[in-house]
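For clarity, chains are labelled A, B, C, D and E in written order, and residue numbers in each chain start from 1.
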């Protein structure tokens, strides 16, 4: 039988899925044990206990200086920044992207500009950004917005152009104005597609969040990682990275769920 | 009423002449079937009637007035595909036209106003045989049901002219037959002038009151660019089929639509015409 | 209306941790309200960004080294006054080789360091001390946060950096410190600088800063529970523990008393140091593209003598606020 | 007439396209002039002449220390790194992604793992990366590969799953083995799609390149930007950012051209 | 030869029974047309014949041997869509089967070997009327031409059984007529047993030697899950249509295919059967 047609059953599938994770975990544990045997103070690949301890002291012991639990506070701050940024990005994408995709005038005005904008490496512009909008929360959110918005805009405009022209004409023959068409034909059809785009841009968003927090912040997951990086405190960094990964995964799953829940017509329409 | 006059219309795309010298007067309440080989410009002509494209030369009049140069509620359309909105339920697809009309800002009606148009929409859905499917999304409908929905949707705004671009081209034979009957009935019961593009001659003769054929007079490859299609045949259908005068008593004469559909061999009359068309 | 609200930027470094503590512990607020102003203290994770922001005009004061004060704000046309000399590096910056005991062995190696930073300057001084020049080695720019990890790789055999990274690297047995800032005492100064114009118009701002600083220093150096708590808080804020923080403090010559600091500011050594620094910076073309010589940017010392172009004085050492603190006149 | 139906003619379109660029340029020039009037040594928004001078001295005056033209040398080094990284990423994506998308076993083994991997913020793992592969050119290339590969893999696997099942069955009824199908049915159809994915991941690739060069390097565009950022030399940074944008644009255009040239069937097949 | 035996086959997907108790013996060189309402399991049955799905119960034999449980070169297939490879030219689409056979590692032939199979492929392309289009990509072909190409491609490996899943369902009426003739000719000239799924009864009667109808005996919504479809009708086509004995002299009897296609009213015989089928 062709390998192509070999369909592993449920349990084999589970086994296969776990295999690479187990391999990574295993090779970590072995390398860690080897390094720790050579130098018990090695910080690069800490033992699980060390990491557990580090997490415990960050997550369940209040920081004497601020009285907060650093781990949770960092998480909250980062998620807040990310949440606001993605919200703003999404709304801006809708407000700018729909005219840009729908109206020939909008397309002429913006499509080239956004294309160029999307090529600018935002990290290189950080100093200017900080000057223009200051250093508060706003600048971190702005960096994420600047980093993700051009992609969202381009994607949205593309999706609008992919809408069958027939729909727009039909809407006009039903007496719809441009505003009507944007509001009742284009917008609702773009929302689920925008969720897809947001899912794609969450990766860069985390990147920008970490970069922003690395430069100017006093809390946040990225801040903590960069702060303790000087001490090579991998016992903090690794759990933080794992936690970020988990959060990213959860956010992705939540968006998928949201899409299915809010737009039941979308899955069928896309399949057909 | 809703007479259409096409006066010496030409259409060019860049250097390519697609249509030349089209003149056609369409009487109110006609059902014109537009046939012709693929790529000869049928859809282009329809799009000019729709206002989506403008003639390069000549003019199109609707009831003596120049056509509004963009699609509008006085001309409805049904395409072969993508006619209905996938994100709206069946009922919403029908009501949306009325919502556009009555709610300029939100494009959406609520409460009593909504219920009023919903009951109107229900009637239309019943007329096209879609009752019971109000809350489904179009993706859950078969192709034939989607086209019925598209018809209901278009009729909701009571257009004077209904344009159809191969509306039944993607349907199975059996389903096609049913929907032909529906089409004739709708034409008969609504105050409509219909222009339908089709590839299928028998469909043209079964539905139309008049069959107009577009053709290129010169079709050698090197001439394609320089010569457009024009009207090569313009045949009234025999026996003449006339839409019911609305609000007059129904029994005044035979219902030609029902008559056409119930004859034992509906194609016999058409066949003769076929031959006429093919003798070129 | 006269300016009432001031913004101070600081970044995480052992000699500057008191600023963060002062803000958290209410010392900043206390002194600010004494002078009827508000002082907003902002922490940066990234040192270079902190003084860039100052140079761009977003902040009125910033913590910075003497060298960066000259190459950054001063060369950028911002007339800057060194208000407080907090400490000088006394071993906090070091040249470290892998498995080699003497500085001579540095010849021909790749040196990982933050280019154009005080580490670069320290390297130049170290090379000078063994009659080598920078062309005898190869400098590889490496971000400070990653130097500790970088030293663990085989590619990296020599680094120049500062604490806490120095102690982190020295923890591995193959790391050998071959030169450190205690061999050039008083040359790497950690300052609090203020925009001269702002200071001139608002001397109260300068007084408040001096007050905050010496209050905090006094508190943290006390060998009682309060002092220990303060040091512990600073340790945590800088990402380490008390022992780690105290070892960093040990390599820092903190001017505990304002008198001491004022005296140092007025001393002669600063003149020689700044001359070396500006020559170094000019060699690296860091005094601005238009600078024709090391004299391009004038430096006014505490005794009002000027190094370089007297018509373009952009960096000033001012001992008067430290003196006020010493005299108890704040 | 509805705004939706307003189609600006050629010259209006050109004008509209230029408008946002002109606005940005104009507001830059004005702000710059204002700042320079206040402080002639201001570094944040240098005048055009200053930037021109900076570029001239970097691009056309040999560096006395190394004897190279820094600007061109930086460009060359960065492009080399980027080129190698994208080549490796692409090849790896093909070698891993095709089995992963085509074979049920491959999917079971890898899809979850890659999904998790794609959520890990690569910047945070730099220390480990250094230890494993050192600090030389390899690590910079590796960072870009790690940053882009998961996306390429997921995208590729998705595209393979989107291939009509009918094709795979047809190939089997023509006697094709799994290897045959991978080689002659899936691979050639994936190549043009991979180009699309590479285009999308070029943005992140530049980001990771700049980040990698910021961390440890002695040449490269990102290196220069982060080096001169220490003394806020925006007269160097801004032209470099513009240059990166231009390079990114050119790379994108080159990929589009390549796709059209190498896979003439693709545009038509996608349209239909 | 290539007889197919379906022995008491059931197919369930999870809890849903799709097919129950299907038994069918298909003689070599038959042309079986499989009809039935949408969703009744026609495609599922075809996929079992293909080896893509396995019966839940019962077995399928090909010439007395159990069927290989995966698609293979002894069973060719043509789908309604997506049958040809968009990245290969017309010629390459046809040669690829032979390349798979002769080149296990590269799946690709060169030089003389390539020229040999190319000339073979050319003959097939001529047979399906695609000569002159060798270097085009499928996207440049019309729907009908693509289906011809799919047929040529499938025939290249000389399968014993050819399975067709609504192969002409998406084609226009006129094109359909042409391709029916082609289909009959191919069936006649190649040593093929054909099983074709179709929605179109007249197509079934025009092409098949035998028409098999699948139907659910109980089709109330609440019963849908628990009862599958089974064979409700199994009609030989009249007059009997027999494939040409290959390599025997052609004039021995009328070519039934050509005969069927050239009669004046090809549907007359079928209609009778229609009625029989519809009388349920």
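What we mean here is this: a residue touches a chain if its C-beta (ideal position, glycine included) is under 8 Å from a C-beta of that chain, and two chains touch if they have at least 3 such contacts.
All values derive from a computational prediction rather than experimental measurement.
C-beta contact counts were set side by side for A-B and B-D; A-B has more. Chain centres computed from CA atoms place C at the largest separation from subunit B. Per-chain CA centroids place subunit B at a distance of 36 Å from subunit E.
Mean C-alpha position of subunit C lies 38 Å from that of subunit D. If you average the CA atoms of subunit B and of subunit C, the two centres end up 81 Å from each other. The multi-chain contact residues of subunit A, meaning those touching 2 or more other chains, are 2, 5, 44, 127, 131, 172, 177, 229, 232. Counting partner chains per residue, subunit B has residues 70 touching two or more of them.
For subunit C, the set of residues touching two or more other chains reads 52, 56-57, 146, 148-149, 152. For subunit B in complex with subunit A, the residues that touch the partner chain are 50, 52, 70-73, 75-77, 79, 81-87, 96-97, 99-101, 104-108, 137-140, 150, 153-154, 156-157, 159.
Those residues of subunit B lying in contact with subunit D across their complex are 69-70.
Listed in rising order, the residues of subunit A touching subunit C in the complex are 39, 41, 44, 63-66, 126-127, 130-131, 134-135, 213-218, 223, 226-233. Contacts from subunit D toward subunit A in the complex involve residues 2-8, 12-13, 16-17, 19-21, 44, 102-105, 108-110, 112-113, 115-116, 118-121, 123-125, 127-128, 131, 151, 168, 172, 177-178, 181, 203-204, 206-207, 210-211, 222, 225, 229, 232, 234, 237, 240-241, 244-245, 248-249, 252.
Residue ranges on subunit A touching subunit B, taken from their complex, read 164, 166-167, 169-177, 179-180, 183-185, 188-189, 263-266, 268-269, 271-272.
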